[in-house]
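Written below as structure tokens is the structure these notes are about.
All chains are identified by letter, namely A, B, C and D, in their written order; residue positions are counted from 1 within each chain.
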Amino acid sequence: MSLNSFGHLFRVTTWGESHGPALGATVDGCPPNVPVDEEALQLWLDRRKPGQNKYTTQRREADAVRILSGVFEGRTTGTPVQLMIENTDQRSKDYSEIAEKFRPGHADITYWQKYGIRDYRGGGRSSARETAARVAAGGLARAALSQLAPGLAVQGSMVQMGPRAIDRDNFDSDQIGQNPFWCPDATAAADWADYLDQLRKSGDSVGAVIEVRASGVPAGLGAPIYGKLDTDLAAAMMSINAVKGVEIGEGMAAAALRGSENADEITMGPDGHPEYSSNHAGGILGGISTGQEIVLRFAVKPTSSILTSRRTITKAGEETEIVTKGRHDPCVGIRAVPVGEAMMACVLLDHLLLHRGQVGDTGGRIGPAD
Amino acid sequence: MSLNSFGHLFRVTTWGESHGPALGATVDGCPPNVPVDEEALQLWLDRRKPGQNKYTTQRREADAVRILSGVFEGRTTGTPVQLMIENTDQRSKDYSEIAEKFRPGHADITYWQKYGIRDYRGGGRSSARETAARVAAGGLARAALSQLAPGLAVQGSMVQMGPRAIDRDNFDSDQIGQNPFWCPDATAAADWADYLDQLRKSGDSVGAVIEVRASGVPAGLGAPIYGKLDTDLAAAMMSINAVKGVEIGEGMAAAALRGSENADEITMGPDGHPEYSSNHAGGILGGISTGQEIVLRFAVKPTSSILTSRRTITKAGEETEIVTKGRHDPCVGIRAVPVGEAMMACVLLDHLLLHRGQVGDTGGRIGPAD
Amino acid sequence: MSLNSFGHLFRVTTWGESHGPALGATVDGCPPNVPVDEEALQLWLDRRKPGQNKYTTQRREADAVRILSGVFEGRTTGTPVQLMIENTDQRSKDYSEIAEKFRPGHADITYWQKYGIRDYRGGGRSSARETAARVAAGGLARAALSQLAPGLAVQGSMVQMGPRAIDRDNFDSDQIGQNPFWCPDATAAADWADYLDQLRKSGDSVGAVIEVRASGVPAGLGAPIYGKLDTDLAAAMMSINAVKGVEIGEGMAAAALRGSENADEITMGPDGHPEYSSNHAGGILGGISTGQEIVLRFAVKPTSSILTSRRTITKAGEETEIVTKGRHDPCVGIRAVPVGEAMMACVLLDHLLLHRGQVGDTGGRIGPAD
Amino acid sequence: MSLNSFGHLFRVTTWGESHGPALGATVDGCPPNVPVDEEALQLWLDRRKPGQNKYTTQRREADAVRILSGVFEGRTTGTPVQLMIENTDQRSKDYSEIAEKFRPGHADITYWQKYGIRDYRGGGRSSARETAARVAAGGLARAALSQLAPGLAVQGSMVQMGPRAIDRDNFDSDQIGQNPFWCPDATAAADWADYLDQLRKSGDSVGAVIEVRASGVPAGLGAPIYGKLDTDLAAAMMSINAVKGVEIGEGMAAAALRGSENADEITMGPDGHPEYSSNHAGGILGGISTGQEIVLRFAVKPTSSILTSRRTITKAGEETEIVTKGRHDPCVGIRAVPVGEAMMACVLLDHLLLHRGQVGDTGGRIGPAD
């Protein structure tokens, strides 16, 4: 990871500001001959797109992705893929207030302190719009994964909104696409609808916990000690705007467990693949995938753009107050679900390629030597 | 981060196995003219060293660090610094059992599945001994920081052992060095002593939560979007053995907050430095330091090396059981405290250099333009 | 350098194919507050643009660069700068022959062997059009350099066309802009005009040697051992299409010299800056700049697209012949001059930032300690 | 490449100074299960070792390499391999003169200007001793290549000493090991022996041209545009001390050729492998290997350590003179032959792994689609 790039071999650099002409992702190192087109990527972008229901910002962006390079006659060529999304909804809004005042909880002040200049329109580079580029890159990663690891599936869901967590006994992955919250618990989803309605009307916002799972991941992905699969996943998720915590498997709760409770026992499964009595590890041991489901969660803080007046300062150093008006999400965590999925897909593809590069296709089977 | 390296400009590559001739850290990109010698680094290593009290493994390693390059007449030269720690306590132990069986919760099985070969002696590369190299590198980073950012201080502590968290009202940083647990709460420390005694006798182990704080960090460190300071910190901590979760500021608890509670209000402080009404953000906004204290926590899972018999398989694919004997820590989290500090120091130095490279020394002050 | 990127801190990734919708450069790590706009970059691109005289390909591309991100109100913001050039002259040409046959001396066959797919239209990714993105990035680098190192100047020239080298006694840098060959020797330029006319009429092509010089480079840029300034310059130049050799200072001719001839003697100049009796080293010793003029040369092979029939094979493996028709340069080295300048500017800026990051602004002065 | 590392997946970081306790190479990303031991690596080091005959420096170093990590029971484990060479011949020489004066043609002055500190003993980091670490890493690369690309062979030779080039008609690779100069032309070798004897007696030194060839390289290695195989080879060679020029295939002479002479015609060979009428390209087209022999040359400047008095300055800025006494090579190019081979081996292995990572094992065959 460096500045605006992530990934080792499948390397994604995102660029662009919220209210500039366009934003996008430059993707280097994609395997060749992967079938992909704009329509396939658009499906993923449409899941993240704002303005789809009353729970997300009413900013209406087409978020139409264009492939400018690296794809020929419907297949990747192995050269860099440029994915561009034009910013069509650049309203000629009055930005004079946020040009002068720093919004609390936003990156306004830190960009200013770091660079001595900032594109203040809509948050500029720190806008959640940047995540559209991640989702486009994630769509490309999924296309490559479907060739290289056909059984691999990535699915995200929201498992907590504000203080209201799902009931794990109700977890049903078929429910995830059935409600506007990507919630796997139908009862919780109904409850959240009322809760978020009230929040929105009060001009406040709330955080969330997102869970992303990947099944069908081959054993053996990851590398000691700093190129660990969990290291790269933690970095990928923490790099998403507003994320303040990342957990693998038991996560922070692992601290409270005893060794006798935590270590997953191993038995022998079919075809040389081991099986485990449980998955406290979240599918990763020593930084390397076990072949179990990979399970991670991340916490998104509440949007700082709220209608309550807050104390702040101006760029001239004067104390003042600010109310952040405009089109904002009461729970930005909703739109973080497809973003988390995209980051998971990118990281897994990258580690598949890294493993193939260093080790080749060994398969990870256990059993009598040939 | 790639495979066994971390950092952008201050780049650390660790190498070595638990029972090989030596292990160490190759540190590239250190600023020149930093005063440092083996004695200074040894102080940090001695904090991490096992065998210091009954709560840590009784393996006795001198853990003596040698500087093989990059330091001349007591100062760094700007060329790579090689820090080597010889493995002196390589008991001619019988490793025949763990050569054949995979210990549940360990990296044994995943290394085997990935590489088809593993140095099984004492965990090899996945041993906690690797963290000695991080601590040595962290000592070097601290030496450089004391020149470049004189007021900067990094301090770690253990804030939860198993299910027993400290009382935040008792937090006293002066207590941290006064007990074997780096615990900032004297009452909790006394309680933990009894608790861990019992655990140790029962042959079990327990997890922990470590908190690392850095004060005196200049505003403006970090970079959008993937070179964020919190991204690199999350990666650094998640790369430590047995870590399963990382949090910045409010961390996972941010999910339960409302926007009106979470955003830290800004006022004007002395000398152009803003002040904040609170620090929910943990000192980082938009991936860039605010100048407030940086606060992070990470969870360490319980050691998987326990005396309870567990089901597992052999490398030939046969089901069996294993009891992990030997010298192990009932709460490996204790020794993770200096390791977390070292990683924090390395990441902060790296971002100081990155910032100086891209932007120069701007100072981050806010106020009327000159 | 990795796949399609170069640079450490000032990091350029180019993307795009000759006949796709667009190509460009994603530039990460540019210092903030650098004044730049599309007009400033266009000046450099216009120097490289084909179709300007009868000696370069008659393909007419507007080569208009657009800044899509990273610049706000005429200044860089420190975030990624996306520079896009749309491909406007995509004639609906008949590509059926080169879709099937590999042109000798071209990358057609190796791309096919590597990837199993290639965008054959106009050379695709391997087209000389890719260098337009380098020139755009180089323009940005020059803008930053004019702030950070005001006296630094980069100038390229052609010093040999085919077997005809300039007379060094005639070297006059004021001549460089006065002829279509960037030739510093007016007599040679006149001779080359006739020579190239004949070549063009005969349907053949010829190689060239380009020299790039940088004056006003501070002492101290570069780093042992693999981040040497000459290492990065050699890589930068060798990465240009059709380049087959790179030299620093005496270059290949250094082999024939004696130590007593080659080592530049040192004397003391004004303001703590050393001076040298000669510049055999080309301004670099031990991979680090001396403060003298940096002098490098690179050789460009003759264009392989010629009207002579050549033996080749089809992608089905059948032997055949090919005549490469179309719009091509008889001496592609002409357009390599601004490309070499651009690469020099990028590498020097990158090393300025690297030096500032690791060491700070030390100045490189020699004299009594303060 | 960054500071002291090179390579993408097979990543080598060298460390150490001439007169410190040790130097070495930290090698990350080596494939697992490669048979290797210290004896195998020592064979390569012994080829580079000084003091073997009267034509190389009489400094006597054992240059014994130790493997400190990453190899278990005679095979690589996939974790970092630490290769250490202790400096045994650290004579307690009087360094007071070169501590104060900068030797012309050496890195003394630039290290001082850059860092404000330097290990002046024997050149410190800039000593040719650093290349021992490259040769050790190259030995490891060769071991891996012998598994992954069994027919691949790398061989270097010296083709020019001072102004005296070999006669290409006498080129006989069997001669290379038969004389102290790695010269493929027996007649030239005899001539050089006399020539160098005279030079040595006169206290002077001379440059050389080294040629390195690799046969059996699969087609398809390399990547557009900056990860080109020739880009990485040029960087690798230019990073060797004293190298001032690098050429691929025709190299600088390509400038003088016509397109009709230069492009290698293609015919069909056995088993889907194309053949070429000639190899002007040196085995690389568009940055990707063709399957032909890779041919490169680099020029080594004459050693600057000579017995002739030269003008220079002191670190206090005073003008003076210096005679460099001590143990030095009249033609350091001799010892550059095994170094060039080592760099070639490292780069080829790296690109084999990169190709396998991105593309898999496709084989590069041409012919009717299956």
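Details
The working rule: contacts are C-beta pairs under 8 Å (C-beta built on N, C-alpha and C of every residue); 3 or more make two chains touch, one makes a residue touch a chain.
Predicted model, so just to flag it, every value in this text is computed and none were measured.
When each chain is reduced to the average of its Cα atoms, D sits farthest from subunit A. Where subunit A touches subunit B, the two copies mostly use the same residue numbers: shared numbers make up over half of all numbers in play.
By count of C-beta pairs in contact, A-C exceeds the other of the chain pairs B-C and A-C. Note: centroid distance subunit A to subunit B, computed from Cα atoms, is 25 Å. Centre-to-centre separation of subunit B and subunit C, using mean CA positions: 44 Å. Subunit A and subunit C, compared by their mean Cα positions, are separated by 38 Å.
Shared contact sites, meaning residues of subunit D that touch two or more other chains, fall at 2-5, 14, 29, 32, 78-79, 111, 114-116, 125, 223-224, 359.
Residues of subunit A that touch subunit B in their complex: 1-6, 8, 14, 102, 104-107, 109-116, 125-126, 130, 160-163, 199, 204-209, 219-228, 230-235, 237-239, 241, 244-268, 272, 274, 277, 280-282, 284-291, 297, 299-306, 308, 310-313, 315-319, 333, 354-355, 359, 362, 364-369.
In the complex of the two chains, the subunit C residues touching subunit A come out as 2-5, 11, 13-17, 20-24, 26, 28-29, 32-33, 66, 68-70, 72, 75-82, 84, 111, 114-119, 124-125.
By the touch rule above, subunit C contacts subunit B in their complex via residues 9, 29-32, 78-79, 223-224, 353-354, 356-361.
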